[in-house]
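Several structures are given next for inspection.
Each of the next two complexes has chain A plus one more chain, namely chain B in the first and chain C in the second.
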Partner chain A sequence: METVETVAEKRNETFLQRVRTKVDLGDVGPILGLIILIIIGSFLSPVFLTKGNLFNILTQISVLGLGAIGMTYVVIGRFFDLSVAGMLSLAAVLIVGLQPYVGTIGAIFAVILVALAVGLLNGTILQFIKGDFGASIMITFGTGTILASLALLYTGGFTLKPELDPVFSWFGNGSLFSIPAPIILLIFFSIILHVVLKYTTFGRAIYLTGANHEAARLSGIPIHRIRTITFMIVAVLVSIGGLINSSQTLNASPVAGVGFELDVIAAVAIGGTSLQGGAGNITRTLIGVLIIGVLNNVFVLIGLSNYDQMMAKGLIIIAALLLDRRNESNLIRKG
Partner chain B sequence: MSILEMKGISKSFPGVKALQGIELEVRKGEVHGLLGANGAGKSTLMKVLSGVIQPDEGEISFKNEKVKFSSPLDAQQKGIVIIHQELSLVPMLSVAENIFLGRLFGSKYNVNWKEVHEKAKYYLKQVGTDINPSTIVRDLSVAQMQQVEIAKALSFNADLIIMDEPSAVLSGAELNQLFETIETLTEKGVTVIYISHRLEEIDRICDRLTIMRDGKVVETRIVKETSREEIIKGIVGRDMDEEYPTMEVIEHGEEILSVQNLSLKGKLRNVSFQLKKGEILGIAGLVGAGRTEIARCIFGADKFDKGEIVYKGNKIKVSNPRKAIELGIALVPEDRKEHGLITKFSLNRNFTMAALKKINRFGFLHRFKENEASKSLIQTLKIKTPSIHQLALNLSGGNQQKVVVAKYLFSDADILILDEPTRGVDVGARREIYTVIQDLVKNGKSVLLISSDWPELIALSDRIVVLHEGRIKGELAGSEASPEKILQQALV
Partner chain C sequence: MTIVKKLYSQKVLIILIGMVIFASISSPNFLNLQNLTFLVTQLSIFGIMALAMTYVVLNKEFDLSIGAVMAFSGIFMVKIMPHTGMILAIVLTLVLGVVIGFITGFLIAYLGLNSFVVTLCAMFFYNGLALSVSDGRPASALDPVLTYISSGTFLGIPNPIIVLIILTAGADYILRKTKFGRNIYAVGGDEQVARLTGISVKFYKIIVFVISSVAASLGGILLTGMLNSASPFVGSDAALTVISAVVIGGTSLAGGEGSIPKTIMGLFILGILDNLLGLLNVHSFYQTFILGALLVFVIGWDFYARSKKQVLAAH
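And now, the complex of A and B:
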């Protein structure tokens, strides 16, 4: 009996070839980029590598990180969710607005319910119109715009002042084991999402869906249900981000989420999760988020203006996508 | 007087001799029918003639001049235009814009629309239609689109127009319209090569016909002097050879599937048949007869309008493929690379994708079980691969097909619907797929086999139902079936 392993051994692969198939540039590129950024940062400023500054970076990226790890699920399933910006704004004001009536914890639950409903709505509309990738961009753009306007309508355009009870304050400014709460939350949810994606059948189903919608459907994968659940997950994570945001800034802005969706997608793409669907993981996205965080920090340290920062971010997104394309064509060439 | 002469045209693709020493002579002003089974070489020959591909050997003379076509544009400029079955019009543009696509004229910066429309109108009139040139193509009927295509061909001053199965997309009244257009063309001295599977059309409009088989021309004859039987014999021709295994006789069990009056608007009408345990039921018919539609309806991939499906004695409602797979019905689709497999994923992921439930332990993937199952599937089906982690795209066509079958073995399917399982698969791998099919029924599975390769269908099937335009035209026992008999039923 010829086993599968012996056949594998017979293949005359050189060491280099094996390394090349094992390690693809999509994994190494972003990590390398991050390391270079950190080295540059430490040269530019003596405070860069201090614990305070590093916590500072991590705290700043936690809201983005929560959105990005959720978006990773959506993107692996080969869809997009642009409604995260509106969701963030609405969650930020709704939590503060509901505080007086149902208390902080009640408000958090209410907002999570709203988020689940938003995800369900996005998924259901797409199922109804049999929408694909392109439709998901437009539909979630639409729902996101409605959410953003609801946030503004709810506050009349003003920012709201929260009641600073201990629970509310903890999310933005509290800590656990002397690690700031936003970082704890990001790590906690990242681990859960990573495990679910990598080790569960649901995670496998997301990959299968994203790799080829029709093949997945014909194999009995409930692609509509999978998509709806990923939309619900990202909405919930973003609403927790909204809570952190309101708690950090001590006021609830109805425009807290403006531009958020693009930052989130940028983080996912910079990390190397393929926008073609069917590939990617949480670790990659976290690296993407870290790159954006460190970059912003370095920009501030070297005194770049906001406008310069935008320019640099744009260039990095394009570079990340070029890298993504190169990987895709590598895969095809290997075949 | 002949307008076109092809002499000794040969063309090979890696592993296939697509055309061998083709001799074809077409006379000016005639409608010349071109017939042959799928894969006989008609399309390749027409590609050579329209400049899409270049022949390895042979010469073409057109209008008494030796010609070589370097590209479709070159052929067009010399007066040969091909009209494909899938029309090549741009739906969002107007009729006039389509006719002069890429060739709009006027001054340097402006299109002279008035003249463009006038000229378009002129060519449309030549075709015998009064479609308004400013109509958006999307709003036309298929027959009208064809007329626009023909008008476009005329605008190239075409002397020879090749129509590749133009009738496949037309219904009765539209067909008459097409024939009238063709008559108008021939009156003007334009020559037409007409490719079709429908013999009654050949009878009606062609003057002469050429039959192709296995990349060769069998004969060219005058339509009026040729009987249908002779044509069918010419198309089918070959004897059944040892390409096919002798099937072991397998005792059939009770009825497992009964399809009753399945109807789908414009595609299927009152299709009924039964399938027994351990049986291979062949579904024959020409392209477009509704074979794939039947498969997709039973599998829940498409919805149907009317009819019932009884499975293992119970009436079932398959609303989606998921339901079908759970019940034990599987579809190995025609397009295995797009619909059957995820080519950029490893084999083990492909094997288990239709039955994630079986590798699910409290929501988590049971990777050990997945790997063991994958290894055993590779052995059962003798899939040639270095490892279960190999990407599916690195496998040969035959082995990829086995992976799709393996996927449904893992999902414990009782009925496998195989849609063109050997298309694009080389001869050696074909034999292996036949063995796989045989093993399936030996193990008590039932198979619905759809194939355009009739000798294959006959060799494998216990019974064959023949479809024609969405209806079952007849049923043949595998032992008494012959390509001629199938063709007779499939054509009428």
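And now, the complex of A and C:
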């Protein structure tokens, strides 16, 4: 309830103060970083700012983007999912492997069912053992190892060749309104996840669960069910990513997802969603994903090897975490 | 009732004995001296790292970077060996371990970052560095001193086993009998209380990562000697295996609870499992699967038992 005094105080706020309260400073940093990267990129190469190259960047980040927006839900709920790498590999090989038996559409449905089961399994184990953040890391580390080995077992370690029917090809190489399909899928799911997170009770409940699970539990929120659903969402989005990946590369590798979890953590952390839970949103994560996409593109333009890129990524995530930490301590000081 | 309770408290030992019996029944080759020596030699490198990881986990932290540090240490040693000579190269590689551990520990203790994410980043960084320095190719290293250290024998026992035994005894002594060891338990048990008692929590947080990285460097040195070459691709499964050994032995991921003998038992359970699956010709993909399932089960059990205990304490 606003008292007369606070209303009066609000009127006396200067324009700058009002802008400052409206725009969270945590949001500005990543956007600024992205703009600087784009400027650097356009100086490095004249083709950087062409429509072709920008579509290229967006297409390349679409798989990562799908994983990262899903992970944002899990992280806001103050859990973590390391099984995404195994899930990506398994989805990539299962879709191609099941294609001859049930058709592409059938295979997609089957894989989504598998993903739902994986999310349910992760969530149920953590509910049963009353796990915390650390437990979610270790348990999903274990289930991720199982999924990765299942992908290898399914193909015997070999790469599978898909049948190129129109539906399968569309996901990687098709387009809608002359925009590549992977970008369309990323935008579509981002809007849905954004709206659900922002305007539904379910979305609010995720924030409360992450911010203070005891308070959430006492106010009647089924915290375990909420967290289990976030695990299911990320698994389904990652499996769609696996489908796009197989369709883009025209083969299904059982090691497609190795290292994927690090990219996802990087995107979420660089975007500024705190690993402490209870804060963050889809737009931030998308900015993080864009930063990684532009960064990869710039790395290629300046001719960094794959190995150097691995090193650079490790350093950049640490830097992003340090910045994130400073923001948090600023908030505490302000509060 | 008390017998059941006593047996339950020694469940890891019972599982270990059960596995030895099962292994010797199912494969006649298991219980011969050659296979057992081979088994322990195989375990020695991960064993050394598991001793260090026990310290890290007791302190309520993780270190996922040990495999990458191990690979990079091997490459580093081989690259500087022509310039410095063998002995100095080994010393410098161990110093490298100290520096790496200090950086990791500093990021975690002083800048308050999550050890899991930091060491995951470190893993990628040192993997990239090892690949970059070696151009993605194994580098061969033939040196009599190095070969003696890792493949020679002393009184008929392979040297890596002797190193493991000495370090095990030392790690156990420090943990149980010294102030340093007690403080490690205290920091892992309750950081706040430890700080109020006057223990420098940050010092211990850094030192455990130094211990872990030095152990990884030592592992890299021994492995390079055993294989006569340093490869940037080794150690990808080190963190998983070593943390599994520590946790399976019964050291709690919640910190402050566990011991060196427990880790050694966990190590042997994993080693015998691995050896047996190899003797029975089980494919390595199945081995990964079994390891993952075992990890989920053991960690799940650890957390479940603790949550039960808390409920009992509350009532």
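Just so we're on the same page, the second predicted complex is superposed on the first by the 312 of 335 C-alpha atoms of A that agree within 3 Å, B and C clash if a C-alpha of one lies under 4 Å from a C-alpha of the other, contacts with A are read in each partner's own complex, and residues count from 1 in each chain.
The definition used in the following text is that a residue touches a chain if its C-beta (ideal position, glycine included) is under 8 Å from a C-beta of that chain, and two chains touch if they have at least 3 such contacts.
Given the structure is predicted, the values throughout are model-derived calculations rather than measurements.
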Partner chain(s) touched by A:G131 [first = chain B, second = chain C, both, neither]: second
Partner chain(s) touched by A:D308 [first = chain B, second = chain C, both, neither]: second
Touched partner set for A:I139, first chain B, second chain C, both or neither: second
First (chain B), second (chain C), both or neither touched by A:I265: second
Partner chain(s) touched by A:S219 [first = chain B, second = chain C, both, neither]: first
Winner by number of chain A residues touched, once chain B and chain C are compared: C
Interface residues, chain B side, partner chain A - complex: 299, 301, 320-322, 324-326, 331, 333, 338-345, 349, 353-357, 359-360, 363-365, 375, 378-379, 385-388, 391, 393-394, 407, 411
Complex contact set, residues of chain C against chain A: 107, 111-114, 116-118, 120-125, 127-129, 131-132, 136, 240, 253-254, 283, 285-286, 288-289, 291-293, 295-296, 299-301, 303-304, 307
Residues of chain A that touch chain B when the two form their complex: 1, 3-5, 7-8, 10-11, 199-205, 207-208, 211-212, 214-222, 278-279, 331, 334-335
Chain A - residues contacting chain C, complex: 125, 128-131, 134-135, 137-139, 141-146, 148-150, 152-153, 157, 259, 262, 265, 269, 275, 305-315, 317-318, 321-322, 325
